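Down below are the structures I want you to see.
What follows is a pair of complexes built around chain A, which joins chain B in one and chain C in the other.
Moving on to the complex of A and B:
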C-alpha cells in the first residue's frame, strides 16, 4: 500500500510536468492545426535558459525560472514569425515537417553550446521529508504546487481575458472567430507565448526532478502527445487530466515493467484511446 | 588511389541504401501523403531481423541461425511490413497527424528495445559478424559486387514504383491524398489504399535496413541513430521532389553529398570544437530543410513535371488511336 502511495506521488509529479507541456501542445494544435513536434525541445530550451541564469548570476533556480520562461517564449514567437508564419498558407502537414526540422536544430544548438553531458542546477542530494512512511522531496512540492498555480492562472486567462476568449474561439471554430474580427496573428503570438512559456516551466521542473540533458525534452514528447490526445486535442483542461493520467500510469507500471519502458506505456495508452475513443476522453477536435 | 576508389564505391553503396529509403518514403509521403517519422524504426527492424537470421551461431544474442542472405532480406521485408500493417490498421483511418505521432511512438519503442533487450539484439554492444554477400567469391573485395546488386535492387524497386505511380492504383493514391471525399465518392476505400501504400513503403525500408546490416557487417543502436537517419531521408525526399521517384533518388545523392561535405568542413574545426561538430552538421541540414520548405517546397524535380510528361505521352497515344 505504501509503495502504491509512493508511486502515486511520483506519478503526480511526473504528470504535472507532462500536463504543462500537453496544455501548450493542445492549444497550439487547436489554434494552428498542427502537432508541434518541436515542443519537447522547447522544454529543453527552457531548462537550459534557466541554467544560464543560475550559473551567471548564481541564483537559485526558482529565481531563474521567470527568465527562462520569458526567453523561451521569445524564441518560440521568433520561430513562429520567421518560419511557421511563412508556411501557414500551405498544408498543415508541411508545418509538421518544419517543426521536426526546428526540433533537431534546437537540440543541436543546445548540444553545440553546452555539450551532450548531464548537468544539474545545484549539486548535492536533497534529503526527502518522511511523512507517514512516504518520501517527499521539496522539489516535488514545488513542482506540484507550481503546476496548480499555473493551471489556475491559465484558467482565469482563458475564461476572463479578451485574448483568452479569442483563443478558445479560434480553437473551436477558426473561420467563425475570424468573422468576428479577431486579429489572428496576435492570437497566434499569444498562443506561442503561453505554449512556449509553459513548456519552459515543464522543462525547468523536469530538470529539477532529474537532470539537464539535450534530449530530455524530446524523450518526453511521446507522453506529452499521449496526454494531449487522451484529453482531446484542443481541450486545455482535458490535456491537464490526460497528463496526470499518463504520469500515474507510467509510474504504476514500474513494478511490473522495466522503468526504461515508461514511454511505451504512454504510447500503449494513447493507441488504446485512438482505437476506442479517438476524440479523447473530453471530446476534442473531430478526427 | 585504389583506396579512394574503394571509398567512392562504399559511399555509393550508402547513397544507394538512402536512395531506397527515399523511394520508400516517396510512396508513403510523396504519393499518398502519409507522414512517417519512424523510418529509422523500420530500417532497424529490417537490419536486426536479417542480422539475427543470417549471422553465424553466437551466444551474444538470440539466433545466429546462419541462414542464407536472401532469406534474411525477405524476412526483413516481411517483418517490417507486418509491423507497418499493425501501425497502419490502428492509425490510418484517423487524421494524418495521428499517424505521425504513432510512428514516433514506434521509433521510440524500437529504440528502447534495441538498447534494453540484450538477449535479442546484443543491446548497446550491437550485433557483429553479420555475413557480407559475395565475400567468398570476390576474396574480401565485396564492395563492387554489393554495389552491382544494390543497383539491380534499386532498379527493380524504381521500375515497380514508376509502374505503380502511372497505374490506376497510383492515381487513386494521389486522389486520396489530394481530395479524400472525392475518392470516397467514386467508391474507393481510402483507408485500404493508404494501408497498402504504407505497408509497401515499410517493406522497402526493412529491405534497406537489412542491406545496411550486410554492408557494414555490424549494427548497434549507436550506428543506427534512428532520428538522424529519419531526418536525412526526409530532407532527401523534399529536396529531390516528393512525388517524383527520380527526384527521390537524386535527392538522396545530393543531400548525402552535402552531408558528407559538412563532415569534411567540420574536420577543419579546432580540436576542442570537433566533438561538437556533429551538432553543427545537423543544424546545417536542418536549416537547409527549412529554407527548402519556404523557398522551393516542390523540390529539384517536381511531381508536376513528371505528371506533365505523363499527360503528353497519353495525349500522343490518344492521337495515334
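Moving on to the complex of A and C:
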C-alpha cells in the first residue's frame, strides 16, 4: 500500500511535468494545426536557459525560472516568425517535418554550447520529508504546486482575457476568426509565448527532479504526445488530465517492468487510445 | 452616392474565372439581394468584396475608398462585416463570447452594442452563457448576425442566411434581417429563397455564369416573367 502511494506521488510529479508540455502542444495543434515535434527540445532549452542564469548570477533555480521561461518563449516566437510563419499555407506534414528540423537544430546547439554530459542546478542530495512512511521531496512539492498554479493561471487566461478567448475562437474555426477581424498573427505569437513558456517550466521542473541533459526533452516528447492525444488533441484541459494519467501509469508500471520501458507504456497507451477512442477521452479534433 | 460599388470584377479561386464582369452597388440603407442558379458566382462575388477571392480585374469601392483585394481583417476595419453561410459561430465559445469576438478589433467600450444585440435578439440574452454550438440553427444564425453587429458596421454581407433552416424559421430570419436594416445598416445578401428575398429587398441582381443578367427593384424582378421561369418555379 505504501509503495502504491509512493508511486502515486512520483506519478503525479511526472504527470505534472508531462501536463505542462502537453497543454502547450495541444494549444499549438489547435491553433496552428500541426504536431510540434520540437516541443521536447523547447523543454531542454528552457532547462539550459535557467541553468545559465543559475551559474552566471549564482541564484537558486526558482529565481532563474522566470528568466528561463521568458528566454524560451522569445526563442519559440522567433522560430515561429522566421520559419513556421512562411509555411502557414502549406500542408501540416511539411510543418511537422520543419519542426523535426528545428528539434535537431535546438538539440545540436545545446550540445555544442553545454556539451553532452549531465549537469545539475545544485550539487548534493536533498533529504526528503518523511510523512506517514512516504518520502516527499521539497522539489516535488514545488513541481506539483507550481503546475497547479500555472494551470489555474492558464484557465483564467483562456476564459477571461480577450486574447485567451480569441485563442479558443481560432482553435474552433480559424477561417471564421479571420473574417471576424481577429488579428491572427498576434494570437499565434501569444500561443507560442504560452506554449514555449510552459515547455520551459516543464523542462526546468524535469531538470530539478532529475538532471540536465541535451536529450532530456526529446525523451519526454513521446509521453507528452501520448498525453495530448489521450486528452483529445487541441483540448488544453484534456491534455492536463492526459498528462496526469500517463505519469501515473508510467510509474505504476515500474514494479512490473524495467523503468527503461516507461516510454513504451506511454506509447502503448497512445496506440490503445487511437484504436479504441481516436478522439481522446475529451473529444478532440480528428487527428 | 453608393455605399459599396463593385465595378466589373473578374476573378476566381484558381486559373479559371468564376466572375466574368460582375457589377453590383449598394446604396445607404438598402437591402440588396443576389439570386441566380447554382454556380452563377453569387457567393463568390460576395467573397470577392470581402477579400476572400482574388479579384483579377475590375475594382471594388466602399465609401469612396478602393478596397479591392484587401485582406479580410482590413475589410472588417473599413466597416463591412461578413456572415459566412456555414460554420459561422465559434461552437465551444459561449454566446456572449461569440459576440465579444465580433468586437475584437475595438478597444473602446462596446457594452452599448452588446445591449443593442440582446434587445434585437432577446433569446440570445437568455442563452448568453451557453455554448453557441448547442444552439438551434436559427439561433446560431442570430449569434452570427449579432457578432457582425458588434462592430456597428454600415454594411453587412450575408451569405445564404436561411440555408438549412426550417420554413417557419426562414420567415423569422427575414424578419430579423429587416430589423437589422431598420437600425440603418445596409445589407447585401445571397439567397436561395428567391421569392421571399426579392419581396423584402429594395433591389435585386440576377447572376448567371458570373455575369449580371437582370438588375431591378425586388418588386419588378418578382413580376419579371423570365426571372420567374428561371428561378422562381414558374
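Before moving on, here are some points about what is shown:
Basically, the second predicted complex is superposed on the first by the 286 of 287 C-alpha atoms of A that agree within 3 Å, B and C clash if a C-alpha of one lies under 4 Å from a C-alpha of the other, contacts with A are read in each partner's own complex, and residues count from 1 in each chain.
The criterion applied here is as follows: a residue touches a chain if its C-beta (ideal position, glycine included) is under 8 Å from a C-beta of that chain, and two chains touch if they have at least 3 such contacts.
No experiment lies behind these values; they were computed from the predicted model shown.
Once chain A of one complex is fitted onto chain A of the other, the partner contacts of A:222 are limited to chain B, with no touch recorded for chain C. Using the contact criterion defined above for the overlaid structures, shared-chain residue A:173 touches chain C, although it does not reach chain B. Of the two partner chains, chain C is the only one touched by A:183; chain B is not. In the superposition on chain A, A:162 makes contact with chain C only, not with chain B. In the superposition on chain A, A:90 contacts chain B only, with no contact to chain C.
Interface of chain C with chain A (complex): residues 50, 52, 72-73, 76-77, 82, 84, 87-93, 97, 100-102, 104-105, 147, 151. Residues 34-35, 37, 83, 86-87, 90, 92-94, 96-98, 100-102, 104-105, 107-109, 111-112, 115-116, 219, 221-222, 225, 229, 258, 260-261, 263-264, 267, 270-271, 274-275, 278, 287 of chain A touch chain B in their complex.
Chain A makes touch with chain C in their complex at residues 162, 165-166, 168-169, 171-173, 175-184. The touching residues of chain B, counted against chain A in their complex, run 33, 35, 37, 90-91, 94-98, 100-102, 104-105, 108-109, 112, 115-116, 227, 231, 234, 238, 275-276, 278-280, 282-283, 285-287, 289-290, 293-294, 297.
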